[in-house]
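For reference, chains read A, B, C, D and E in written order, and residue numbers begin at 1 within each chain.
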Amino acid sequence: MSKQITAWLQAAPMAFVLLGFLVAPIIMIAIVSFWGATEYSIYPTFQLDNYEFLFSSPVTYTVFLNTFKYTAITWIITLLIGFSVAYFLAFEVRSLKWQIGLFLLCTIPFWTSNIIRMISWIPFLGRNGLANSALISMGVIDEPLEWLLFSDFSVILAFVHLYTLFMVVPIFNSMMRIDRSLIEAARDNGASGWQTLRHVIMPLCKPGVMIGTIFVTTLVMGDFITVRFMSGSQRANVGRLISNDISLLQYPSASATAVVLLCTVLIVIALLLRLVDIRKEL
Amino acid sequence: MTINTDLELIALTKRYGGTVAVDAIAHHFKTGVYACLLGPSGCGKSSTLRMIAGHESVSDGSVVLGGRDISHLAPAKRGTAMMFQNYALFPHLSVRDNVAFSLRMAGEDKPTRDKRAMEMLELVEMTALADRIPDQLSGGQQQRVALARALITRPQVLLLDEPLSALDPFLRIRMRAELKRLQRELGISFIHVTHGQDEALALADEIIVMNNAKIEQAGPAREVFNSPKTAFVARFMGGHNVLQMPQGHIALRSDQMRITDAQTGRMEGQVTAIEYQGAHVALTAQVAGGQEITALLPDAQFFDNPSEPGQTIGIDWEDRVAHPVLA
Amino acid sequence: MTINTDLELIALTKRYGGTVAVDAIAHHFKTGVYACLLGPSGCGKSSTLRMIAGHESVSDGSVVLGGRDISHLAPAKRGTAMMFQNYALFPHLSVRDNVAFSLRMAGEDKPTRDKRAMEMLELVEMTALADRIPDQLSGGQQQRVALARALITRPQVLLLDEPLSALDPFLRIRMRAELKRLQRELGISFIHVTHGQDEALALADEIIVMNNAKIEQAGPAREVFNSPKTAFVARFMGGHNVLQMPQGHIALRSDQMRITDAQTGRMEGQVTAIEYQGAHVALTAQVAGGQEITALLPDAQFFDNPSEPGQTIGIDWEDRVAHPVLA
Amino acid sequence: MEKRSRSFYILAVFFALFVLFLYGPVLTIGVLSFQGPQGGLTFPMNGVSLHWFRDLFQEQAVGDIWGSFRRSFALGMMVMVTTVVVSVLGGLAFRKRFKGSGLLFYMAIASLVIPSILVSLGVGLIFNQLGLPVHWASSGYGSQLTWTLPFGLLIMFAVFNRFDKSYEEAARDLGATSWQTIAHVVLPIIAPSLLGVALFGFTLSYDEFARTLLTSGSYNTLPLEIFGMTTNVTTPVIFALGTLTTFFSLCVIGLFFLAVWVSSRRKDKSSDAGKGMV
Amino acid sequence: ASTLPAPMVWGQETKNITLRQFGTGVSNLNEVATKVKEDLGINLEMTALDTDSVTQRAATQPDSFDIADIEYFVAKKVWPTGNLQAMDASKIANYDKIVGIFRNGKLTPESTIAQGTAPHTVGFVDGPGGTEFVDNESGWMTLIPTIYNADTLGIRPDLIGRPITSWTELLNPEFKGKASILDISSIGIMDMAMVCEAMGEVTYGDKGNMTKEEIDKTIAIFTEAKKAGQFRAFWKSFDESVNLMASGEVVIQSMWSPAITAVRSRGIPCVYQPLKEGYRSWGGGIGLSASLSGMELDAAYEYINWYLSGWVGGFLMRQGYYSAVPETSKDYMSENEWGYWFEGKESTADITSPFGDKLAGAGETRDGGSFYDRMGAVACWNSVMAENQYMVRKWNEFIAA
């Protein structure tokens, strides 16, 4: 069939790029994870040392646990914020012009360099930063709050700051697709605002929530730089483990960690994808 | 029912910013009436209905049901229920749960809810499909579910916004018979918005014709069809010719026109179109002054003496059928 | 025209995987005919039309136009043109450019294109709006542009898939008159898909009623309406009662039924519904055996002697109007 | 005006706080970038001046801001064009059923969810093992595509889900070949969405850090340069740079909306539309 | 007030050759590129990276550079990859004037060689294609020393308010939540060792080449401190350390001398605190890519000779680093500057950085004293140890703990 061939030709560039820059690298990582390394180079061999070390080290477990902790907390917070913001935009703001305007307002910071957005928290949260000075001058506290910066708090704050938008957009999209008459029908049937939210809007936003969840989960799980900057290098997640190994030229060990991380992420995503058909939701 | 559930609209007004969608209309719907709001697109029908339902705030005037001003109550507190144009069934809930929704909101327990919902579904003959979700239903079935869901709240007035427009012509005719039957059985008022005059005629005890945010004419269906007050109503109700005569406008029912030989009728005209309609043939002719007149002839009569486009014919009518209307 | 542009469908079949959408239908469309394909949703009308147009491959059988088998030609090579349901006007092109599109594809230079496009627009009286883009046009205007765009390819057969369904009822009636006029002026065949029998009756020289992927009956409009061959056709064309009698099924036109006093008609029945239709009243009664009969009575006649639901009446008809049909 | 419910006000306040939260840091650095010549990276302000902006345009002690800006811009453009072209082709392909479409789709999804450092690592390793030099315009470019293409493809899905097939059929009916159909009908109709894909592609690339980290070779892109600056620069010049890049992003978005606005203006310039006749 | 020598005339045949150099931001300064263009006509393309990235690029991307500006201990990792070529000492004009540390390990004939990867141990190979380091002046150099320094703890005297004399203070609970070290394992472990040794908790055979047990013990002590909240943050870059100190987040941390200068240039009191246990030292040098040949190679030698001829040295020394050939740099510094930076004398006028920032007023002396005081008290050098991989893993555990 020539239609098939046309389709293949059209899909070819995409397939080519993905094969070359996604599949091949992953295979490479998988292969290298069995290689050995010296101080300065890697050499092909087949050994399970990297995995052995990975699975025998208590650090691996702490760090994976820590990664999940960050993911879960960030997910919950971004979900709550994202849902509320999307709800406000979709249902409380009535004119389309305002909806679009306010939505864009939310997306603008997204176009600024992530690193700059991240480090700009530091002068704000520091011991003598804006937040502490303000609180002290208001008399709320006497001593500067230490946990504002270089703590789990600041890490999660930065995650939330960076990634909430990824939750807002798909939920907003789902909400905008809810037929307004469903809300009216619910009200007509005596549902209170809260009941409408609980019984109509929430179930119907599920796909948006899922897509947002996929984004936030993968972004947080794969992060390595936010944790470093915002915890003052005091905390670690899997991404940092990998990037540390990379910077010390321990590619095989980095690869082994990467393979485990990749599997974890893919399992999580596969579970999420069972709950939503992305192609239908676009 | 002896309790008063009359619905009164008093100088009801809706403004959207600068535009007046509904302009101080007043009407009294008697208990148990089947009323149709009829009018062209954008005339304010939906706005009126939605103000009654409570889904749109009242800009001015009030809505009184059973002597109680309900203008500012929550939709569910009004004693009205609404059936939406596209039915607005909750896509994530089964038919049964859709119907039971209001009971669930009111905190009824599940057995009670299900029992009442099944009763309602029986009324609309949908018990067999109670476990399906709306996507798995045809348009007509969806409509019945929507009806059941609206009726389970035991409203005194049921509001329907173009309930039949999403259906195909066949289903439309079947469902309108069902609506009518149901209304008669329940004895409550139905207020039904439509822009099809055939639908309004078929269903309504009372037709309210709206135009430009105002009520143009209201009355029993026959009265509105037979004695349109204005040229607009005559044209909109269809089946009428509106002619500009020296003494003013008159409306003439097409089926009361007679075709004669040229030069023997009141008017002379040239046939411009012939449209076969099954039992009838609509013959359109252009008369002096460029006005068009349509005559609806029984098919047998037409085909006994067929005319062709271009032919000159005479058109005649009896004096008693001419009906003066306002321009 | 003396050249043969007859269109023949020979055992034309369309299968989608396992389902047969069009089942070996055969029909011969004469040059210059206005044919309507009529049938319920999903019966295969669109599939048939799209196979003729070349937008759907033929699973079996063939399409022959003017003696030439066109079944496997590209759409533009067939001598057919198609007008789409929603008109499919290119939103980014002006009216003129839309109409001139096929010339542009063929590599005509701009002055020629524009000249020819303006000629076509003149035909549909749209020259004034040649510079607008489709979004700035009303439904009726869009339809005219779509017509002009289809006709500029000088097709021998114009195919229209539910061309009027996107219009509101008023416009629909005006536009169908225009379609008819245009077809008569051009003298080419129009094949028009619809599921409204009123539309088919009003427009068609020939009606092809389809059901379940097959042609149920084909013939001149009056013949199909007056002499339905099957119960399905009788019911689908409307205005008929189909009764099961000992000797088989018969079709009776509703407007040929007479209401008499109880016990004086051929049958006895209980009134179940009365539907006012303006110039007529449709009275439905249930007769023995649970069958329903509808009588279409002139309003004056009905209201002279009105009946109520529940009342018992007699129903009568003349022998010559009874019409045997296949079940 | 309509009365607003209480929830509106509560949520409005919440929304305002959210916006403040989003903008707070950006504003902080915006303010700090106007530090006086003696000012540091943190509060308090040490005078107000344009010193650091001026400084930005002079040669820095280390690095090459403007060179990296030019590279990032060029890379952004390359990625943008490729993304648009490849996603449109991909979108077109996915409209037909073809063998392997499911696989390709899941590959795209995987590409979207895979932690970016893995792409960086993998691509770096491959180039390394093949003995190819890594360069922002080869390996860096490819790595970024693994991020922008899935986005582009998903947008194209959304676009084609809403694209009415009858436009194409009409074109074919009117004698257009497949390529003519695409060139004269499909592309112009989806053009506004393509602009969106382009904007997305550009900004995603322009801001991408992790995927370029191990794949950009000897020359830094702007995000890498900024990252480098966080390790080498102790003056508010980095904030000035942040302010300026934000401003630049805003200009790009502004231009985009201007384009949309102008094209929509052109559409309804004779806006006594449709009514009247018929 | 300096007596600048007449500009040297350099060969012009290398004009318009482009050399790609990378290194950390410490020495990869654009001023150098501008100046070399001016003097030699060579286009020097500078890329500044962080310490880890520098190692990585030198080891893995031999084609991405012509000149690598790396630390000596990194050479231990990089040299075996064959990415660099040995340099002929005879082509280095000022070879003989290079400080002894880089030639035989001795600052003065009587000094003892400190622990760790002392520069001279990785400074020479046995021949042009040599792969093994030799510890004599073989005439084939791996790196040409550029800058070096001795690091110690930096403190905020205003926030501490008492004298600090020992490395042990880093773990003093008094500074809970206000201490920091750097998160570059190879350097951090040395700081840790200095502390542990000073505390008497661990005695090392060779701090620059610890055993597994020594590593375990050292890391354990610090892990405990970390869990107890001793540290505010770890820093990985120059800038981070400056910001941590300047903003008052941290009052005591291991720090680089110019970073202290940077804090001070903002008017914030900060002291480079000489400690009784001595300094931890590091040195950087320039290496040539193995692929460099012909005209480019000549240009590179010319660049190196220029580098050692004084201008760069002066430029770096005025920021607080030391130059490999201090004598030549003297010509490019005023007497006051030479006295302050090198001789540890009281300044006679304001000391400003090459960028014009005021670093010290008249009458101040440099922390730690003269060149010989400082470089003479080096306790160990940054190093790569035999158990490096083990150490790195333990370090990761420490960070993740």
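Convention: a contact is a pair of C-beta atoms (placed from the backbone, for glycine too) under 8 Å apart; a residue touches a chain by one contact, two chains touch by 3 or more.
Quick caveat, the model's predicted, so the values are computed rather than measured.
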Report task. Please identify each chain that touches subunit A as well as subunit B. Result -> none
Report task. Provide the labels of all chains in contact with subunit B and in contact with subunit D. Result -> A, C
Query raised in the report: When the mean CA coordinate of each chain is compared with the mean CA coordinate of the whole protein, which chain is closest?
Result: D
Report task. Please report how many Å separate the Cα centroid of subunit C from that of subunit D, as a whole number. Result -> 51
Requested in this report: Round to the nearest whole Å and give the separation of the Cα centres of subunit D and subunit E.
Outcome: 40
Query raised in the report: How many Å are there between the centre of subunit B and the centre of subunit C, using C-alpha atoms for each centre?
Result: 26
**Report entry** Centre distance in Å when subunit C and subunit E are each reduced to the mean of their C-alpha atoms
**Finding:** 90
Report summary line: Expected list for subunit D, residues touching two or more other chains, is 2, 41-42, 230
Report summary line: Where subunit A touches two or more other chains simultaneously, the residues are 122-123, 126, 128-129, 246
Report summary line: Here the pairs of chains that touch are A-B, A-D, A-E, B-C, C-D, D-E
**Report entry** Touching residues (chain side subunit D, partner subunit A) in the complex
**Finding:** 2, 4-5, 7-8, 11-12, 14-15, 18-19, 21-26, 28-29, 32, 41-43, 85-87, 89-90, 92-94, 96-101, 104-105, 107-119, 121-123, 125-126, 129, 142-143, 145-146, 149, 153-154, 157-158, 161, 178, 203, 207, 209-210, 214, 222-223, 226-227, 230, 238-239, 241-242, 245-246, 249-250, 252-253
Report task. Using the touch definition up top, name the residues of subunit A that touch subunit B in the complex. Result -> 179, 181-182, 184-192, 195, 199-200, 203-204
Query raised in the report: What part of subunit E is in contact with subunit A in the complex they form?
Result: 52-53, 55-56, 59-60, 76-78, 80-81, 177, 180, 183, 185, 226, 231-236, 243-244, 247-249, 384, 388-389, 392-393, 396-397, 399-401
Query - Sites on subunit B touched by subunit C in the complex - result: 41, 168-170, 177, 180-181, 184, 195-198, 201-202, 221-222, 225-226, 237-239, 253-255, 273, 275-279, 282, 296, 298-299, 303
Query raised in the report: Which of the residues in subunit D end up touching subunit E in this complex?
Result: 38, 40-42, 59-64, 124, 128, 133-134, 217-220, 228-234
